[in-house]
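Which chain is which? They are A, B, C and D, in the order written, and residues in each are numbered from 1.
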Amino acid sequence: MEVEIPEPQRVNLDARKTAVIVVDMQNDFADPKGSLFVKTAPDTIPAISRVLEKAREAGVKIIYTQDWHSGDDPEFKIWGVHALAGTWGAEVVDALKPREDDIIVKKLRYDAFYGTSLEHILRLHKIENLVVTGTVANICVLHTAGSAALRWFNVVVPVDCISAITEFDYKAALRQITFLYRGTLTKSDLISFT
Amino acid sequence: MEVEIPEPQRVNLDARKTAVIVVDMQNDFADPKGSLFVKTAPDTIPAISRVLEKAREAGVKIIYTQDWHSGDDPEFKIWGVHALAGTWGAEVVDALKPREDDIIVKKLRYDAFYGTSLEHILRLHKIENLVVTGTVANICVLHTAGSAALRWFNVVVPVDCISAITEFDYKAALRQITFLYRGTLTKSDLISFT
Amino acid sequence: MEVEIPEPQRVNLDARKTAVIVVDMQNDFADPKGSLFVKTAPDTIPAISRVLEKAREAGVKIIYTQDWHSGDDPEFKIWGVHALAGTWGAEVVDALKPREDDIIVKKLRYDAFYGTSLEHILRLHKIENLVVTGTVANICVLHTAGSAALRWFNVVVPVDCISAITEFDYKAALRQITFLYRGTLTKSDLISFT
Amino acid sequence: MEVEIPEPQRVNLDARKTAVIVVDMQNDFADPKGSLFVKTAPDTIPAISRVLEKAREAGVKIIYTQDWHSGDDPEFKIWGVHALAGTWGAEVVDALKPREDDIIVKKLRYDAFYGTSLEHILRLHKIENLVVTGTVANICVLHTAGSAALRWFNVVVPVDCISAITEFDYKAALRQITFLYRGTLTKSDLISFT
């Protein structure tokens, strides 16, 4: 069973119309001691850092999402306890700590647009391009990319900045992002902002 | 690259709390003369009919979605012209024609919950289970199943009632539905309503 | 009990960034034979026509809303049967008939943004200003103006183009539109588009 | 200019299907030192406390909203700086401090349903009745009551638990709540939960 995924491309984005979103890079997903650790997530940290550094330098808006659950969240029946509000597991990993000016979006479900102010914030800042990074590729990353694309935001995904549990899931995410949403695949060293 | 999909199960659903949704079984997708014909879609028509017949007999609510685009829709840059409002291509295939009492939801994008009254309607009828059928499995079917699951509707998918363009896409849809949404897979002859 | 309402002002709007919305000018609300006839609604028809004529001439996008209910709609417990899907009462009054290129938004509740594609459509056309006309001033007009304002659309209301059942309701609508939403009041002969 | 408002009624609500929402009782609105102090808001604190006490005793879900703005929020052009994220002005007044188990909903705009998880949370807890208290009666209280009513939640408002800047605004809020939303007016000593 094969699937063809387009090659990552060199991409230059208008800094004033672009936001970078870092999805769920929280201890529970991206730290080996986390309750739902994604093995390949730590490998994406240097790449995400590289993108954030370039973005900050160009004045690009940075948005972080945090999965944020109360103790009785029904998602725990699916995934076990994770990203419990106010705990270490729900914090963004130290290596990617948000800065004062960054925007934090707390969310209850996979999609960062669902039950949050994310769309409102993007419209307010006249954002047109959304660079999506983080984890899990076929879960919260894909849902967020999809909801952005449905609203006609231009979706850009650096392939070394997202991580999944299986190779199939990773490929499925890229397939959906490129085939359905016409998102652009790039890499952390192929993306720039001016 | 492998993925394991759970086997379809025998399912019996409470008729008063269940709706069946038929996603985009329109001429443009499910008729060989349609502009975006999905080759495997006609094969699902007998199975969908079987589910609808059982559902109607038990008084289950039936909902149809129709992709419904105006002439300048930006989706046409992705897919070419399809499901143009008021044309033959946008009509539901004859073999699955909605009845007077069925609910029609017209939509602009993949997700039947986005920019429509679908959630409002489901809440009004105190629906808890959504049986999702139609096409395309990894596009409008998956988006609709996902948005239902995010809202904690119980998602049930008869595997012989959905169709995709490639085997990978079909499997990816089933993987997301079962792994992320904990949807239940069934078949048209394994589902019943009481 | 008094309230001060700002005077209508001369307004000129950028035609490419503006849409005019005609809310619920349907037979049931605006025709004397309608089931929920608003006595002052017919008086607004010439003023709305004047705005539409100027808008069309300048190429401004025109949007009509239609309340559109199925036979078992719970709103009927509040208002009695009205705007029943497919009936004469649900049609826009003859004097304001939509043209081919106009956009029709069917809605189940007071707010034209709720359960509809209205926001999607406005974003697609890069609309920034929404001129709100129609009836009932403190019901569907106010809800629509409010939801537009919450999303930071610039709301403009020609005071001779909206109608209410009581003077209090009419004033309350204008008070909310100006005080909460900082909407601009104008009149059909004070508004222009270039 | 007159308006008739129905009398407050004795109301008993099913504790398991009811939530009480305390809208924006933050220092900036309800403390004399607050930047947007509503003069009549302190008078409602004892009444809101009474409702909360009865609600907590019966195990009713309590939800607090907090207006929560970043430094560049465009609302500041309308109202001046208020409810700035993380400041004293954005905290709930001491006399009504949320408890550990209460739900906090932070919001960017008047409507507590807009850009928040409020609807998701209410659905999760199978809430049918929403008791709305807080300030400002015709702004955030009315918007929240209206969005609840549009979704067919049963809206209940204790008239001594809401406050407005002018008598007109207070009456307009009650008029909309009763006439449009068929909300039930009650008082803090006429409401009970079992």
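Just so it is clear, a contact is a pair of C-beta atoms (placed from the backbone, for glycine too) under 8 Å apart; a residue touches a chain by one contact, two chains touch by 3 or more.
These numbers were taken from a predicted model, which means no experiment stands behind them.
*Asks:* Does B-D or B-C have more contacting C-beta pairs?
*Replies:* Pair with more contacting C-beta pairs, B-D versus B-C: B-C.
*Asks:* Let me check something: if the centre of a chain is the mean of its CA atoms, which chain is farthest from chain C?
*Replies:* Farthest from chain C by mean C-alpha position: A.
*Asks:* So what's the Cα centroid distance for chain B and chain D, whole Å?
*Replies:* The separation of the two C-alpha centroids amounts to 39 Å.
*Asks:* How many angstrom lie between the centres of chain C and chain D, each centre taken as the mean Cα position?
*Replies:* Centres of chain C and chain D (C-alpha means) sit 28 Å apart.
*Asks:* Can you give the whole-Å distance between the Cα centres of chain B and chain C?
*Replies:* 34
*Asks:* Which residue numbers or ranges of chain C touch two or more of the other chains?
*Replies:* 74, 109, 114, 120, 124, 152
*Asks:* Which residues, counting only chain D, touch chain B once they are in their complex?
*Replies:* Spelled out, the residues of chain D in touch with chain B are 120, 123-124, 151-152.
*Asks:* For chain A, which residues count as touching chain B in their complex?
*Replies:* Going through chain A, the ones touching chain B are 1-3, 74, 78, 109-111, 114, 138-139, 143, 146, 150, 152, 166-169, 171-172, 175-176, 179-180, 182.
*Asks:* Please name which positions on chain D make contact with chain A in the complex.
*Replies:* 70, 74, 103, 107-109, 114-117, 119-121, 124
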